[in-house]
Amino acid sequence: MLEPTSIESKPITQTESLSTRFQRVRQFTEQLCQTLEPEDCVVQSMPDASPIRWHLAHTTWFFETFLLVPFEPQYSPKHSEYAVLFNSYYNTIGQQFPRSQRGLLSRPTVAEVWKYRQRIDALVISLLERLSGDPELDAVVELGLQHEQQHQELMLTDIKHLFSCNPLFPAFQSSADHVAATRDTRDTHDMKWYSQTEQLSWFGHDCKGFCFDNELPRHQHFVPSFQLAHRLVTNREFLCFIQDGGYQRPELWLSMGWHNVQDQRWKHPLYWHRQADDWLEFTLSGLLPIDWDQPVCHVSYFEADAYARWAGCRLPTEFEWELAAKKQSTSGNFAESMRFQPIADTGPSNGIHQMFGDTWEWTSSAYAAYPGYQPAAGALGEYNGKFMCNQFVLRGGSCATSASHIRKTYRNFFPPDARWQFSGIRLAQ
Amino acid sequence: MLEPTSIESKPITQTESLSTRFQRVRQFTEQLCQTLEPEDCVVQSMPDASPIRWHLAHTTWFFETFLLVPFEPQYSPKHSEYAVLFNSYYNTIGQQFPRSQRGLLSRPTVAEVWKYRQRIDALVISLLERLSGDPELDAVVELGLQHEQQHQELMLTDIKHLFSCNPLFPAFQSSADHVAATRDTRDTHDMKWYSQTEQLSWFGHDCKGFCFDNELPRHQHFVPSFQLAHRLVTNREFLCFIQDGGYQRPELWLSMGWHNVQDQRWKHPLYWHRQADDWLEFTLSGLLPIDWDQPVCHVSYFEADAYARWAGCRLPTEFEWELAAKKQSTSGNFAESMRFQPIADTGPSNGIHQMFGDTWEWTSSAYAAYPGYQPAAGALGEYNGKFMCNQFVLRGGSCATSASHIRKTYRNFFPPDARWQFSGIRLAQ
Amino acid sequence: MLEPTSIESKPITQTESLSTRFQRVRQFTEQLCQTLEPEDCVVQSMPDASPIRWHLAHTTWFFETFLLVPFEPQYSPKHSEYAVLFNSYYNTIGQQFPRSQRGLLSRPTVAEVWKYRQRIDALVISLLERLSGDPELDAVVELGLQHEQQHQELMLTDIKHLFSCNPLFPAFQSSADHVAATRDTRDTHDMKWYSQTEQLSWFGHDCKGFCFDNELPRHQHFVPSFQLAHRLVTNREFLCFIQDGGYQRPELWLSMGWHNVQDQRWKHPLYWHRQADDWLEFTLSGLLPIDWDQPVCHVSYFEADAYARWAGCRLPTEFEWELAAKKQSTSGNFAESMRFQPIADTGPSNGIHQMFGDTWEWTSSAYAAYPGYQPAAGALGEYNGKFMCNQFVLRGGSCATSASHIRKTYRNFFPPDARWQFSGIRLAQ
Amino acid sequence: MLEPTSIESKPITQTESLSTRFQRVRQFTEQLCQTLEPEDCVVQSMPDASPIRWHLAHTTWFFETFLLVPFEPQYSPKHSEYAVLFNSYYNTIGQQFPRSQRGLLSRPTVAEVWKYRQRIDALVISLLERLSGDPELDAVVELGLQHEQQHQELMLTDIKHLFSCNPLFPAFQSSADHVAATRDTRDTHDMKWYSQTEQLSWFGHDCKGFCFDNELPRHQHFVPSFQLAHRLVTNREFLCFIQDGGYQRPELWLSMGWHNVQDQRWKHPLYWHRQADDWLEFTLSGLLPIDWDQPVCHVSYFEADAYARWAGCRLPTEFEWELAAKKQSTSGNFAESMRFQPIADTGPSNGIHQMFGDTWEWTSSAYAAYPGYQPAAGALGEYNGKFMCNQFVLRGGSCATSASHIRKTYRNFFPPDARWQFSGIRLAQ
């Protein structure tokens, strides 16, 4: 069992050398697999999720394909078939084994994939020792690390989903810390509202340090005056919505959301379980009593939007969120704590809390190109731009995101019915 | 057969009395059914389309439910079951017969529905004679007329889709006019670009006259500088895209669009047919040779977006479109001409052409609430707001839209894979 | 409204000339359409059912294709596209418009199809006047008439299914007779059992008069001793099964049947409706109180089999049925009575009742070739043999079958989940 | 890698004690798993197949549930949740984890299941030492062993299917023996026909020794005269069918089979692969060149039936097969050889060959109850009878069946579209 407190990771910082950071990011992936059996690593619980083994191989293939092949003249991939098996969606590179069938592959085994990782890691480190400093190469390594961190979060959400399908409810980690962390937080503060007057402001990344292409270009946007809730919506508040018939009242829902509610028979957030009069929640530490002060998590955009309407509020736009975030620090409850569960708000009574970490925050902004957006050239141009359709922007990272991965301008995106990410609700009005 | 030239409709204007306008709008619906057999009126060709008989009954039920029931104290619906059969999506009113099963209803017959219309029409006219001038009542009548005009357009697109499924390719109207109208337009002008500098400007309706709630509130939005094409993309231009492998090159497509291309085996716009070396197009006048100078029509957002990428351009945002439209007149090729087919650009060589009529123009703007948006109270609040998800805004009306229905601030919306509307492409850069 | 008693049909007999029989069979088809509106004739309520207009055209295409084309040298089909639209499943003839999309065709109109029928009828009658007596030609005409009678029954079952989907529950015919016929039959006799000792016997048609190829060749089969119920299972008896939890007890069902029960949420026969404490039944005369003495009808093989198991019995094999039928007359409640509803058993207390007419009787025999079976040559060989898979044999005809169509050796067949035919239950043990 | 020749199993015989047989059958299951990684044991490649780990646990649960629970008074299951996870389809016992989701379970791990097996095995052996000889107990043990042998065959077919989905084409065993066994068999004998005159004969098991309930009761059946092919159809012969357009000619197919051909795009037997001009076959030893003299294998009933029609023959009934088998020995190419691939006919030129082992032989008999059939009492009554619908009988066992498992009266059954079993073709006429 993972013992979270003892192994808390020290955040990776940009001051470390690229080679060091490469090794530390890659090691964190390994750390996440400590408690997993080979069996856990090959099963795919739904088309949106991937087997852990696939994540391990795909992130390695990414370095092989985008770093070793172009920058290491002698290099030729040892397993040519991995190009098909572990390419996610890069049509420019070639064909892909169908996403929904990733769970059909029992081979290569997990052990073979670990060997593949070790081999590629050694080659990358050797390459970095020789060529680090080349801006083009460094950019690919940087992107590869950011990419690996994204997959670290997906590994957590995918294994959580897989274990949740099993009536045995296996635990990914010990729950001791989970209980300890929440025992003394039984007093949720009333919602306060942070006000902002209208303004024409600049949004997007300033190009100092790494960012994804979808955070660019920096551009002006006019934001009318608004108010933003000082913390996330809690489980306790969301329970009121449920008890008030929230899942039975079509007038609270988007039309498409209401169809989801009926087709999928949604009655509560994804991992809640009702047992007689008790409510439990499936966590990475197994099935536990719900901590009512914790932020509600694993809700879809549809549920976030319906909750906001029920509360007489709305969700913020991504611009409102970013404007408010500008004045906040990016600290929070991130993956480095190895807790992997949002925690109750315990901050001081003034200021905006929980903007970073805990849960991704659904915004009402459809995921779209910023004015003047240009995807990267070549295959890596497929990274972000081609998904700008029928998805909504989430901001701020979650308890499964690395602190070294998040930024104020970071734009995550998922379809409005997605629930298996650590996604929660911040209100606006 | 409808003989278009002889029956061209005089546009309905706001200077006419509400009662006159009510009668003229309702008569136009009847006019559209002149060539239809009872059999044509009950079949549903796909879940997105409705049988003509359903449109006839639903628009009548709308006046009955939202006008007669609340404003005519003695009124009680004669056919209580129509409330279920002909309610579209108003959960506030009650249950609905499933949308995808509307084509299962052979009864009430078309003749019975015409009687229903006549009965309700007489009651509405009588009510209007007594109470017109009451702002609340007038507002409902106005909304009912706008609603009827929307369904007139849907009747045209739905019957076109139905007839297109039949290997006999029935014609809705005579094609004489079709040929005549396009014979002398064989010279498409090169694309010119209308430039606009960046500005913070006001968007949305000014509340003078009718508008839908989704056009409100009027608000400021910052628009960076842009260029807009002076006319729509033509069939000839779209053919170049096809011949250049447009439908086989994943790099041109949104990820979701590419899945559509492969799953649905899209190879050309919806109603194009390849016969040996010829291209034909199914129109409301039957299967005809493609007029290459006409604007391309019946393309999805995915195809519009891929075409724009192929052309090195992009689609405009709805704000860019509205900004450019502010200086244009709203005249164009509308439903009143009874032509129901976009026509080639024959305008003078300066200015922006075809902004109104011909084809709806896909914008890159996801359909979303304007800042401060409030849906109408009660059941009519379900009209627009609950669809603000996974749809894109289209602007400008089409050859199947009534001139009296369109506005510069008018926001139409459809999912990105919808092709059966008269939807086309205007480029921006 | 059809007034059944006034229009009862005189059975067609083999002593009439082929030309007379041709005209009478074709007229009976017309008679069945008396109360139908054009709208009723084009809608398809499910993939298994066809629109009435399709039946009218297909049976006509059958005579055109298999009679006029080969036997009338000058004949050339006027509407070449009908060959695709109205071919059911004859791959030898050519392609077919997809069965599940027959309901997409609003054209040709019903009126046009009636004209098509009149034109072909005139040509067939003229041909018969000249050439009747040619055994090959007579055989095709005979097959065409049998085929038409099969479609007459399907027209009744298909229109019943279509009307049952409509919340208005339209009536195909007046119900006056329905009530009259059943009022004085309130006393169901106890089940008696007809015993038969084991024997090696001959089965199948003796080739005197018409039969389908699947009734051949006449062959020997050994039948162990058995007992057969003297009448059909009644609605009253089937209600006991329901009230005893029949639809909730997996041990009573075939595995595949139990999946159907759960997936389709079967809780009673297809057309039963529970309203508060009452049970109603949708009939061709509309929604009526269930007559508990009538044979239960519109049950699938799965339900028949489960009922039999619950009753401690089983279904008969088709050989048991045929052996018992040999000594019975083929009279019964057939389509000629225009009643189209099974009636309660009122026969004398000895003998086997209801073997013919009322409801088709599910047997436990999978539909298979008799030893030595040879399908007919050419396209007509596709009539029966290619369906010998995953279907069960039904025997005896129903209230929707023509008396002149049924035989003791007649083998009908449907998949085990089919419910929309007039299918009922006779027990064996 | 499994090295087949070295580990050939000595057939288990009825003369061994029940305890010995129990241990040997259970050990053979373990032997089959020698080359499997944990990853291979949890993936489910399709709803019809189960993960190996599930087979291992289910067969153990069978002994626990039907033997230990009723016969060992003190016994109480240690893992109560296994009752849901590893119950296959016994509704009498309780709920089942959905069959199609068996592949979602990464826990219990394979190692945990092996421990479960060891624990149950020890308890069973202890029980047998004390109580063997009790006819009721012995009958359950016997059934459990037969059941385990059925699952051994399914393990082989399921792992073959799983590996066939992987572009790496993993090998379950070494192929050395495979090649050796077939090198000297390059001369297929012409088909000869075994003739049998008509007779009334007895069929079904005589109750000496074990049989399944579906082989009972022994009863008389009349079989007309017939001829049976002296060997199985070879790959070479089946290739002629393919090259003659067999998969493109609807007239050769059952209607439902033709739909399968088109929907599934069948063009050859399940595991054949065309590579340029070569044909390969996926085997448990990986992808190998096709041995044209081997019996064709992994064909559905639809393909077997179409092949027979193309060859101017038909498939035998199960009675014809059993009649012919009565005079044959039950020796053949069975699982004990650890070859798991049919081998070419090398027998003497007279007599009927390959009746047992090599491939299961599709018969034209729908799987149905014998006259007077009674399923076993209690939960075990769900073993066979409830599947008597839409399946066809196969006879004779395959190269994946244990010699000690097969009988002349043995009735296997699969749906007509199933291809993943070792199923082949014997012709009749």
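Per-chain numbering from 1; labels A, B, C and D assigned in written order.
Going forward, contacts are C-beta pairs under 8 Å (C-beta built on N, C-alpha and C of every residue); 3 or more make two chains touch, one makes a residue touch a chain.
Just so we're clear, the structure is a prediction, and the values are computed from it rather than from any experiment.
Distances between chain centres, each the mean of the C-alpha atoms, put C farthest from chain A. A straight line joining the Cα centres of chain B and chain C is 46 Å long.
Centre to centre, using the average C-alpha position, chain C and chain D are separated by 39 Å. As a whole-number value, the distance joining the C-alpha centres of chain B and chain D reads 60 Å. Residues of chain A in contact with at least two other chains: none. With chains as nodes and touching pairs as edges, the resulting graph is a single ring in which every chain has exactly two contacts.
Taken pair by pair, the chains that touch are A-B, A-D, B-C, C-D. Interface residues of chain B, counted against chain A in their complex, comprise 89, 91-92, 198, 200, 219-222, 224, 250-251, 253-258, 301-302, 317, 364-366, 368-369, 371-372, 381-382, 386-390, 416. Of all residues in chain D, only 37-43, 45, 53, 81, 84-85, 97, 101, 103-110, 162-163, 165-168, 170 touch chain A in the complex they form.
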